[in-house]
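The structure appears right after this line, and notes come after that.
So that you can tell them apart, the chains are marked A, B, C and D in the order they are listed, and the count of residues begins at 1 in each.
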Amino acid sequence: MDTPRHINFDYAAGYPVDPEVFKAMAPYFTERYGNPSSLYALGVEAREAFAEAQIRVGELVGAESPEREIFFTSGATESNNLALKGYAFRNRRKGNHIITSSIEHISTINITKYLERNGFAVTRIPVDKYGVIKIDALKASITDETILVSIMYANNELGTVEPISEVGKITREKKIALHVDGTVAVGKIPVDVVDDNIDILTMSSNDIYGPKGVGGLYVRLGTVIEPILQGGGQQRGLRSGTEDIPSTVGFGKAAELAKRRMPDDSKYTSGLRDRLVKGMLNEVEDSYIHGHPTKRLPDIALVRVFGIEGEAIVTELDREGIYISTGSACASKTLAPSHVLESIGLNEIQRHGALQFSFSRLNREGDVDKLLSVLPGVVKRLRDISPVWKFKDRFLEMYTSEEEEEFEQF
Amino acid sequence: MSQYGSMGYTEKVMEHFRNPRNVGEIKDADAVGSAGNPVCGDLMTIFLKIKDKRIVDIKFMTFGCGAAIASSSMATELVKGKTLEEAANLSKQAIADALDGLPPIKMHCSVLATEAIEAALKDYYSKHPSKS
Amino acid sequence: MDTPRHINFDYAAGYPVDPEVFKAMAPYFTERYGNPSSLYALGVEAREAFAEAQIRVGELVGAESPEREIFFTSGATESNNLALKGYAFRNRRKGNHIITSSIEHISTINITKYLERNGFAVTRIPVDKYGVIKIDALKASITDETILVSIMYANNELGTVEPISEVGKITREKKIALHVDGTVAVGKIPVDVVDDNIDILTMSSNDIYGPKGVGGLYVRLGTVIEPILQGGGQQRGLRSGTEDIPSTVGFGKAAELAKRRMPDDSKYTSGLRDRLVKGMLNEVEDSYIHGHPTKRLPDIALVRVFGIEGEAIVTELDREGIYISTGSACASKTLAPSHVLESIGLNEIQRHGALQFSFSRLNREGDVDKLLSVLPGVVKRLRDISPVWKFKDRFLEMYTSEEEEEFEQF
Amino acid sequence: MSQYGSMGYTEKVMEHFRNPRNVGEIKDADAVGSAGNPVCGDLMTIFLKIKDKRIVDIKFMTFGCGAAIASSSMATELVKGKTLEEAANLSKQAIADALDGLPPIKMHCSVLATEAIEAALKDYYSKHPSKS
């Protein structure tokens, strides 16, 4: 069961842990295995390692009191659950209305549906063709009952960065709490909870080359939320369960590295991304790039090819040792197409050809060349047997789109 | 661990996906049938040449995932040279079995092929009502 | 910040990860970092690793369909939350009554309190002086509304093993679901979900030398529970969130090792424990052993000394590099004394002198000798300045106890 | 990282815990006072010899945690040789400060000592009402 050599353009699905991070974690598995609740020296060591990680993670997002504002969870999904349910249930006396967007991660969507089943009203504000939330719609949807706004910092499929600081000005003025899902943004682009008036922030460890199984939650001092797990009262009662010190230390180290490496990494991955997108748009006819031309993450691109189905492309590329992802319904466990692509106005035929690329500092220049040397042939072969491509004009006219943006704008 | 390799597909599926048999169009087909819906992510069109109630030539085109393409290819192989009655009786399970299995979530892809064959036969009988 | 050499008798607070476990996990951090949801080869590898871990963990407890019955969580606390809330809320139409015991872990206690606040009625059945639940009381408390019984397999403070198979016969007959918190029992003594009619079982990875931050939940086929985290639908919808493959692999490896090593480890740790207990009872006057004489875990002992306070002893031993734990309220974050010691009939003065010892395969014979050479002096010094010891007779008569069991019974 | 070492205690706390000053009993004490409750985990008894409204000797016994024992010890040091009035004014903060701090959750232990002193002084004044 050896891992074959591969070229990965789907890091969003999982990042390897950085060797420096792994090195920092290692002693906490076997030597420094203390429990922060223990009174004796081994426990003190664990408490200090935990506090150090809080500081590192807090520094990455500008938290002012990391030891009181940073909590560790089992990952971004749990952080989103804790943020949304924890805030909503704790503050339900203030009001029962929550505002979110139509392009949130599935966890946020399913959590807000759960809240709807439990007596909350949820407004999901739409986005424009670039995936940017409509600020006016957000403003218009605020009522006296509104207690919480939850918008992602950047979208994981499109890479589009949302106007969080504008949202933060509004929520601060209206005294509404602001939760931000920063899973794919934190550590990739600068995020500052104070500047942006963010009250609660979801953070992921693995997305910044930290270990899986651990996530972060920033909760501004004075913002009150209730726990979603009952237990021994660890982490000041907000997140019970024996602390996972090795993973926490790893997350802290990853945060420290991310802060330092952000400028270089961002330049590097966006360079690769631009080369790949340009190459694809040049070499594959009827292919399109989505997401915002400039307000975007450095490491994510969504390119769509017409007339063939995404999973078939993924399958072909897998044979070449190239990993990508697709928004095609066929590739998902639920066979449900991407709600994000629907939100930006793509019809279902178009969504089936959506290819998601996510880059990392581990990609090499040659990776892009290799993909560009393989992909046009794959597309051609699949188009040759595709009735949709053969009767392209008929299918294309079913949807007239304006999404053919010039890549030069980027 | 399981008979399914990468992408959850068997070797046989991968082989038919990579090298689909009977791909293309028959310009002067005696029957044409389509099934699926590109909105749902798959669309198969099948072309038949028929002589003496027997399928003497068959071609297909498919928009869809690996399982859809492989099922299409396998289905054409299974009915080529067969009588119309035999073709009508081809089951989705027979296609899946001939491919050494399909991932549970992809079983619907094998229906695509049986439905396309069914549609083509319907087309044929509607043009040649005497032969049904 | 180097870890000093230490002698640990408080492994229950945290176990080091076994070197073999660490070796099994390591490649999944940096090389095999795939996401089980990914279609391509890296994802297949992750799916297989996950399934393999399910099988190993399932085998440890006799699960018949591990790939459909074993779920991974972030730890025993989350497993208990998922089991109890997930079952209660999903089955509330069948009834609203839950039975548990008075000596459950604080997580179970706080979860059942949460359920009480949410419309459930909870009966907490008492235990005898050994910490064994009163089966008759359990039987008597069953009503038509009873949907769930939750009893721990063994108690983490006393080491007492509960009569789970008797409970399982009752719940099976009455068609009530049985949840068992197996955190400190699984991997230490044989546990078989089929023999014992266990429907839902909480398992801990770290307690068997696996990594922290991961726990297990066995859910018998046909037993229906609802998720407590909304999200992307991983683990067949029951536990959303990207799977933590390295930790899961580690847990699987630890389960495999535990199954193999259980007989030897059990013999070894119980030998050390018996030596320590005998030594203490012999050398420290007015010291007592608690828990059941025979129905007990091999690696846990609760010894109580009269007239001094536990945290002071912990502090003294820490200076000698010896780690133990105490049930004294003073040592806990909440200053609340142990409810377990209260349940077996100890008054608060007695509880303050409770010392908890938990052994592991890493303890050496010399560890016990060292403790026995140090402890009597510590006890003497603290007693010399203790007014409670000085006026012992007055304080002792405040409570006449029958707990002076002969250690020879063990 | 913090001034607190193992057990969350400062060096000074550990030193007084390990080597408490003025431990014991004064058989012919002029005043005796107790505070705390063993049920709550701490009990301190203090013995005073008093001359000319001044504490000329002091001893204590304490049941409790490290913080309780160290606070007791430090308190006796702080009031030894002091006038009764000065002793009455000893604050829990002064004890904690003299120990270079106590963990927040242990601050109540320093109250134990001030309360025991208070109780002893009360005992003294009740026996010698003229001196108050």
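Just so it is clear, a contact is a pair of C-beta atoms (placed from the backbone, for glycine too) under 8 Å apart; a residue touches a chain by one contact, two chains touch by 3 or more.
Not measured: the values here are computed from a predicted model.
Computed centre separation for the pair chain A/chain B is 40 angstrom, with centres defined by C-alpha atoms. Computed centre separation for the pair chain A/chain D is 57 angstrom, with centres defined by C-alpha atoms. The set of chain C residues touching two or more other chains comprises 39-41, 48, 311, 314-315, 318, 331, 333. Residues of chain B in contact with two or more other chains: 6-7. Because contacts link the chains in a way that matches no line, ring, star or complete pattern, their graph is best described as other. Checking each pair of chains for touch leaves A-B, A-C, A-D, B-C, C-D. Across the interface of their complex, chain A is touched by residues 1-2, 4-8 of chain D.
Looking at the complex, you find that chain D touches chain C at residues 6-7, 9, 14, 17-18, 20, 23-25, 34, 38-45, 60-66, 68-69, 105. Residues 1, 3-4, 6, 8, 10, 13-17, 19, 22, 26, 29-35, 37-43, 45-46, 48, 73-78, 80-81, 105-107, 110-111, 113-114, 206, 211-214, 228-233, 240-247, 311, 314-315, 317-318, 321, 323, 325, 331, 333-334 of chain C are the ones that touch chain A when the two sit in their complex. Every residue of chain A that touches chain D in the complex is listed here, in rising order: 39-41, 44, 48, 51-52. Note for the complex: chain A touches chain B at residues 307-309, 311-312, 314-315, 318-319, 328-331, 333, 335, 337, 347-349, 352, 384-390, 395.
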